[in-house]
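The block underneath contains the structure these notes are about, expressed in structure tokens.
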Amino acid sequence: MSSTFGTVFFVTTWGESHGKGVGAVLEGCPAGLPITEEEIQAALDRRRPGQNKLTTPRNEKDQVRIMSGVFEGKTTGTPISFVVENEDQHSNDYEDIKKWYRPGHADLCYDLKYGFRDYRGGGRSSARETIGRVAAGEVARKLLKTVNQTEILAWVSSVGNIDCPPVDLDTISMEQIEASPVRCPDPATSAAMEQEVLDARKNKDSVGGIVTLLVRKPPIGLGEPVFDKLDAKLAQAMLSIPACKGFEIGSGFSAARMRGSQHNDTIYFDGREYHTKTNNAGGVLGGISNGEYIVCRLAFKPTATLLQAQDTASNNGENGQLSAKGRHDPCVALRAPVIVESMAALVLADMYLQQKRNCL
Amino acid sequence: MSSTFGTVFFVTTWGESHGKGVGAVLEGCPAGLPITEEEIQAALDRRRPGQNKLTTPRNEKDQVRIMSGVFEGKTTGTPISFVVENEDQHSNDYEDIKKWYRPGHADLCYDLKYGFRDYRGGGRSSARETIGRVAAGEVARKLLKTVNQTEILAWVSSVGNIDCPPVDLDTISMEQIEASPVRCPDPATSAAMEQEVLDARKNKDSVGGIVTLLVRKPPIGLGEPVFDKLDAKLAQAMLSIPACKGFEIGSGFSAARMRGSQHNDTIYFDGREYHTKTNNAGGVLGGISNGEYIVCRLAFKPTATLLQAQDTASNNGENGQLSAKGRHDPCVALRAPVIVESMAALVLADMYLQQKRNCL
Amino acid sequence: MSSTFGTVFFVTTWGESHGKGVGAVLEGCPAGLPITEEEIQAALDRRRPGQNKLTTPRNEKDQVRIMSGVFEGKTTGTPISFVVENEDQHSNDYEDIKKWYRPGHADLCYDLKYGFRDYRGGGRSSARETIGRVAAGEVARKLLKTVNQTEILAWVSSVGNIDCPPVDLDTISMEQIEASPVRCPDPATSAAMEQEVLDARKNKDSVGGIVTLLVRKPPIGLGEPVFDKLDAKLAQAMLSIPACKGFEIGSGFSAARMRGSQHNDTIYFDGREYHTKTNNAGGVLGGISNGEYIVCRLAFKPTATLLQAQDTASNNGENGQLSAKGRHDPCVALRAPVIVESMAALVLADMYLQQKRNCL
Amino acid sequence: MSSTFGTVFFVTTWGESHGKGVGAVLEGCPAGLPITEEEIQAALDRRRPGQNKLTTPRNEKDQVRIMSGVFEGKTTGTPISFVVENEDQHSNDYEDIKKWYRPGHADLCYDLKYGFRDYRGGGRSSARETIGRVAAGEVARKLLKTVNQTEILAWVSSVGNIDCPPVDLDTISMEQIEASPVRCPDPATSAAMEQEVLDARKNKDSVGGIVTLLVRKPPIGLGEPVFDKLDAKLAQAMLSIPACKGFEIGSGFSAARMRGSQHNDTIYFDGREYHTKTNNAGGVLGGISNGEYIVCRLAFKPTATLLQAQDTASNNGENGQLSAKGRHDPCVALRAPVIVESMAALVLADMYLQQKRNCL
């Protein structure tokens, strides 16, 4: 059970969906960074369910407390502990899933791996686990903003077969993204996506989506070759988010269709620094950031829990059916952007601190 | 510079393209595994350039020596050190790239990161670095085969716009794959791919490709939630391979287009064990292997080095042109399969050994 | 700030003396181990100050909550989070030490290292940090007891110049130890030590001591050569306890005075297993446990905080005097045994789980 | 088998006494440090046996090659690989120890741990393993010298019951130490120690000793509380050296005899920086270096291998006798100083690089 992520700036998350609480401990944050509970809370509020009619009506306040590591408004260099107590638990909603393995879920795998599991609300595999990531990720984001004015944004670029047209990477803002109930910055596309999600819900079904990640003004020189390449760690970070099935950076899968003469990004020196004319690389070459925008795309599968009946097997080997009850987002991609941003921030902050020791 | 990969079964690779040699140290291999230099050499021979007209004519023997950790034909539980001395170096082929940054390469990034670099043949970012991965990966493959009869195969499923039709995952064999000069098991597609690569070379160009990875009979229960999910570590492993730009598992990016009712794999109990009727999950749910085939697809960009002139900048800020000389594969994807298999084996062996301590 | 200890079974502690609380997250515990809050609480009660007239009158309840990782009385294999809220804080007792560096304390070093510090009650360097170690250590102790009937005991063997005569390692029990207010199992010595501590207190002074650690029935084969030898990790574990200045195992420093013919422990086979006739090795050879008792001795310096005036410097470069106020143990060694046992348990449990993968 | 040491600057050693060779890979060294094979060789020559009549006549050249990571005389930031090929092997000297477990050695423990072992010359537990430590340690020493003029020295301060009188820590030099065949800087004591060693050898016996470590001008603020305290990692590092049984820092075990008023080191500000009037702390408080000399003492047991007959058991359960043959140092402490210095350098360099990220 590796609930720890990062090398020198690393977070450990803990907590089950219906246990006493969830949280995280963040280690390796430098001393002297200003951070408040309010900043962390604001990020958690973006992640929280119950925000609008498209997400689950489960209404948790997810109130965070910083238990340690911050003194007089600044980090002290010691571990920062975040605790969120669980509330609003409907444990009896989940009695069926004690017995029947939910298709598309980790239930069976946890039993195969550990011999038994906390079946209430998905236990450790619940999306509530990501609360700890977002809390720690917000510290990472603040660090990057403080040292390099780095900006990290993610939005929903596809829902089912509805695709967002290209957005202006220079100007897209969090305000634009958060103004949309589906977190798509293009208003027309947003409306169509909303219909798609409502249609899925109406049919007791769910739908997949794609999230695009953008990092503006990343520090240059980040990424540790060979195995901890910046894109490799971003890939791990993203695939570690529940329901993520694919990752590409820059040209991604379309690179496989190209000739080298099309794909290579021409390098030039503008008198002050090096840049490339195109950005098929997505801001990373040889695993190292070159200062161009980092752009990635992430595929999210449709929510596994469906309110319709599904064939499945039980923990004592019966074959039968399960109809889920309870409260479930019909499209997990819609709540993913802040988690994606948090994971990207954790990777970049860790790489930034690692890079501080690479030159004499 | 993280040249170390793995948690309890971990490898450190070392070496530059034109230094004295390349190699790896593998730690954490259990005692008692039979392994020989011949087995390692056979894997390296699959990776080696100069095998046919489609790959670079650079002809290195890449003769491996096991320096430690094996006694009387079996591993002792101590570190296994592999050394391959470099030969056949044409260092003068690379004089131009001391000055001019190759587009699509890591040259500029290494200078930005470390202040200077070993420019000969790409130094550490050379594909020769993967020799150490393949040597260690072969031990991992042997371990998995010994304990679970696991089979790991990878092949070229696309070159440019030429796609291999679906293959029979139950029967595809390494013999079929290696019989093709482009490592595509379908003979007709193989011939078309070969033409595509020759056409790219004729035009002093290069071309991208896709590699498919298949793991048959993976141990069940592998993958450490939360951050070291099996698919997350596979994603990192694959993106760490030079030129890889994308990763997907199971339904991958197409999952984003689906409804949940299409995507969920129905679980059933066959009287002996649990299985799923479809495999959109690609063998991994909640980050844990469920015993179904693990299937991933990896995008490789076209080779960055081109024999045609390309605009670029120099290390002293001039803007100009570079025409590469030397020997270069027009399609890096063709040599990728054995590296992909090795990285998959390293991930799975590490997860297998981690799983040994998850239950009391 | 490495607040994380262990390789595959590892704990992260967090919290400052006068922040909101202290705690720990324990990762890597196998699923299925029975553990209760009561067991953890009982260990914390042994560590707690305010137990008798020899320790500080600070009276905290140190009530622990297990927030995650335990379900229906058993570990689930997921992270176990312990939270203890702080109470009974007299922050104003500590106003002086905001300015004046306490001799023998970490105050100055924290300022030199991090630029500033949480000065209240020693902040992170407070002995309250060890609460997290004891909570996690109790899980480790339970694991070792469950799998191998391992027993771990520590006691005070010297206070100042008063030394405990040799004890019977086969029969010494926690009851004997805890029956003594100074945790010395020999009643006569215990009484003399008590006088020594009271004498130090009467003189507004403090006194050092030695703690002996004994592990009965350790699992055989534990310890990972080369750098994570069992004795090497025990040494790190013990020196990481506040005020510990020395570590020795088996014959320890007296080994340096011996001839090899005196020192070597004769090996014999008793028909069932291998043993040694003597135990100068202290149960560890080549860094690996051989099954004999593990015996170590640890030196603790006298408490640094004194109620008498001491010369020192301030954080703005003045030279002056500081008279500590507040509540302080005159002999830190007296509360050390449960911490020593906990650290030993953490090392052994980690090594036990590592050993599970060393053979095929 | 943890053959890796360090957190961000870390070394992996490999190799058995009578395999093809021994070596190390050093990762995390910053780019730009000047280093040559000659500097590494000079350190290895201090470690090498066969230097005089007091050490084993085994005469190996231990010729090191730097295989990677150094280009044009400077480190590149990539892994530095050291290879030393084994020569001068008398494998038949060791036939007896295939069967009979040597008392005081790791033979039995390796068999208990791994099921079998490379019995030739102690295999992995041979002192030849330390070659890799010394090679990597020399890079660490160069780094510390370059960035902070740090000096690291170790010498033999006791052999048996012969103790070196206090030395002047301000002036003691490597020249003084290396001028003595027993590496004791006091000429009269050196002569007495030499007699003691020769006497042990004459009696087919061996003798223990104590090594003192001194670090002058250590960087300030090194050491990562809580678990990776500077003294805790030094303790691990030293106990990981073969035959080391004890570690103390500063006042060490004598601290347990003191009152706090004697022990506390008075802090003063000299107008430029903070110092202490005494150094009972040994340069480390709260696990962090305060800039005073770091002083430690290490106990080494007598060499386990004796040329006289010793009772022991065999690998098939017989009880009998073993008389060792071959070439063995009668006092391992004499060759320990360069290894002690190397381990100290590895710890300090790692801590130095970790500290680079502790402040914003």
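A few notes on this one:
Just so it is clear, A, B, C and D label the chains in written order, and each chain counts residues from 1 on its own.
To be clear about the criterion, contacts are C-beta pairs under 8 Å (C-beta built on N, C-alpha and C of every residue); 3 or more make two chains touch, one makes a residue touch a chain.
Please read these numbers as outputs of a predicted model, since none were measured by experiment.
For chain D, the chain with the farthest CA centroid is A. Each of A-D and C-D has its own count of C-beta contacts, and the greater count is at C-D. Within the list B-D, A-B or A-D, B-C finds its counterpart interface, over half of the contact pairs alike by residue number, in A-D.
Centre-to-centre, using mean CA coordinates, chain A is 39 Å away from chain C. Taking each chain's centre as the mean of its C-alpha atoms, chain A lies 46 Å from chain D. Mean C-alpha positions place chain C and chain D at a centre distance of 26 Å. In chain B, the residues that touch at least two other chains are 1-4, 7, 13, 28, 31-32, 77-78, 113-115, 124, 225, 358-359. By the touch criterion stated above, chain D contacts chain C in their complex at residues 1-5, 7, 13, 101, 103-106, 108-110, 112-115, 124-125, 129, 158, 160-161, 200, 203, 205-210, 220-221, 223-229, 231-240, 242, 245-269, 271, 274, 276, 280-282, 285-291, 299-306, 308, 310-314, 317-319, 333, 355, 358-359.
Those residues of chain D whose C-beta lies close enough to touch chain A in the complex are 7-9, 28, 30-33, 77-78, 143, 146-147, 225, 353-354, 356-360.
Across the interface of their complex, chain A is touched by residues 1-4, 12-16, 19-23, 25, 27-28, 31-32, 65-69, 71, 74, 76-81, 83, 113-118, 123-124 of chain C.
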